[in-house]
């Protein structure tokens, strides 16, 4: 547990030190949100209808930048190999990294929500539930994202490879998170929210287990 | 070169020939013998290739997943070679499925794509397979390539049912599942013939493709460890 | 040679793609002894050190490292060895102190701040402890990497070209550290081009040539027996 806390502290410290870069990801996400409204046109009703989807698309597009950055610090001076030689168990490394990436993505989402409120009028009566959804959705992106970013950081053509592997995989996350966000923004008369959150939770449960188990296989040289 | 033990190419050629024959027979039966479907007309006949493609795409992906697991657990370049071949086979069939699905959707519903859960899942599966194949082509070290793509295949395979159910809930309007038990005999015969035809053809092609993959890997791995030259190493 | 062995390698081999960088290396090193590893660029020194510290997977052969089996118990090998590699294993965005404190915490050691500072003083970086590593010169990075290696307090310390990038005071620093390690009863393996220094600091000498052991004997005889090296310089 001490080692996990130390590994998590390392991730958060690294993120804090490279916060200028985090800020540029926020700007990227906000820009993506703005651009998507141009695909719909200045129709306030339609924009509000699609706000949930735009939010998650912006988050998904930004996530590849976040994930790549989280691996860059480890590959510059082969810090990842150094960590394995200390030795830190790969499982601990994975979970620390995935938790840190979840937090960063959730934070990014929390910053993008006000942007979506301003641009699309996407207010919700249940802000806490929306934040919980952001954390759950971010967790769904972070677990497979961390695993794939660790692979692609050491492959050729890494910039294109990560989205190519990650995006098809997280289709269920995108669907469930978009639906749930829309229900929170537009209202949930049929009480469907719980079903989508269950789907998202199931996805997280499966991939947080599976990726943690297999991380050791891909970091060994 | 270290070549893994693989099935004889004669078996592969025999399977390809059998597959072609079955497909010819099935297509003849499907196009000229079985009666026109009452509601959908001749368009329905695309089911005689569509359904067998679907079954076999899933089967090939499942087998690829099996090879991935076997490589990770047991090791052996034969598993990796078959993994690669089956991934490509599954990708080809998934692509054909998407095309056939569009051809079917246009006259039936008036649109090329109707977000049916099965068709949409197939499209996601195709993209996932292409992603794994891109990963394979971007990693030069044979061991890393084999391990990483095996991990990616397992992760993508587990995703298929989740994608299916999430799309199904997302788009509750969808077609009823058709299985050969619910349709009458003249429809079943071409379906069965083509199903085994596609299986034999793709199986044979996959065996041949695995041979190519195994040869390439063997070439990349180079010679086995050369024997120690006599007297080169002095024991202390 | 004492009864206990720090290293017992039998036919260790590793390939990169199709090239065998290390083609079957066998040698032993007694506990508490020091080995100077000599050889031209590309002769396999770094690969050997990375294999013995379980940074790389072994492709053939086996080894006992401080009593742990390299192939079966890589974790124990990693706990008993510390490697000064070509890569500094540092995080560029963090300061020297933070790098060491984190490493110490990840090792689950007590008083990480104190330990980090002591190691920084040891390698002469105390004055720059709070500067980000990104601003460090190659020599300073080497010193920091050395501090990190010493922090692990492993019974077997492996140094890959410790003199590289260092200034003359740095040379003396390395000499002092190797002597101190030996006084503490730790085993040392150092790969170096400084044959004379290796000969005076170490007990045993090993010359690698194209991934194989070309000579093995007492370190004192190393300068005379690394004729292989000198010959290659003249010949080239």
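As written, the chains take the letters A, B and C, and residue 1 is the first residue of each chain.
We adopt the following convention: contacts are C-beta pairs under 8 Å (C-beta built on N, C-alpha and C of every residue); 3 or more make two chains touch, one makes a residue touch a chain.
These figures come from a predicted structure and were not determined experimentally.
Q: Which chain, with its centre taken as the mean C-alpha position, is closest to the global C-alpha centre?
A: Ranked by how close its C-alpha centre lies to the overall one, first comes A.
Q: Can you name the chain that lies farthest from chain C, using the mean of each chain's Cα atoms as its centre?
A: Of all chains, B has its centre farthest from that of chain C.
Q: Counting C-beta pairs in contact, does A-C beat B-C or the other way around?
A: Contact tally favours A-C.
Q: With chain centres defined as C-alpha means, what is the inter-centre distance between chain A and chain B in Å?
A: About 31 Å separates the centre of chain A from that of chain B.
Q: So the centre of each chain is just the mean of its C-alpha atoms; given that, what is the distance between chain A and chain C in Å?
A: 39
Q: Any idea how many Å lie between the Cα centroids of chain B and chain C?
A: 48
Q: Could you say which residues in chain C touch two or more other chains, in rising order?
A: Residues 57.
Q: Of all the residues in chain B, which ones touch at least 2 other chains?
A: 140
Q: Hey, what residues on chain A touch two or more of the other chains?
A: If we look for residues of chain A contacting two or more partner chains, we find none.
Q: For the complex, give me every residue of chain C touching chain B.
A: 13, 15-20, 23-24, 26-28, 57, 59-60, 204, 212-217
Q: Which residues of chain B touch chain C in their complex?
A: 140-143, 219-223, 225-226, 228-229, 232-236
Q: Which residues of chain B touch chain A in the complex?
A: 72, 124-125, 127-128, 130-132, 134-135, 138-140, 144, 147-148, 151-152, 154-156, 158-159, 162-163, 165-167, 169-170
Q: In the complex of these two chains, what residues of chain C are touching chain A?
A: Contacts found on chain C: 53-57, 75, 78-79, 81-83, 85, 87-94, 98, 102-103, 105-108, 132, 141, 148, 152.
Q: Okay, in this complex, where on chain A does chain C touch?
A: So the residues of chain A touching chain C come out as 2-3, 6-7, 9-10, 13-14, 17-18, 73-74, 76-79, 81-89, 220-221.
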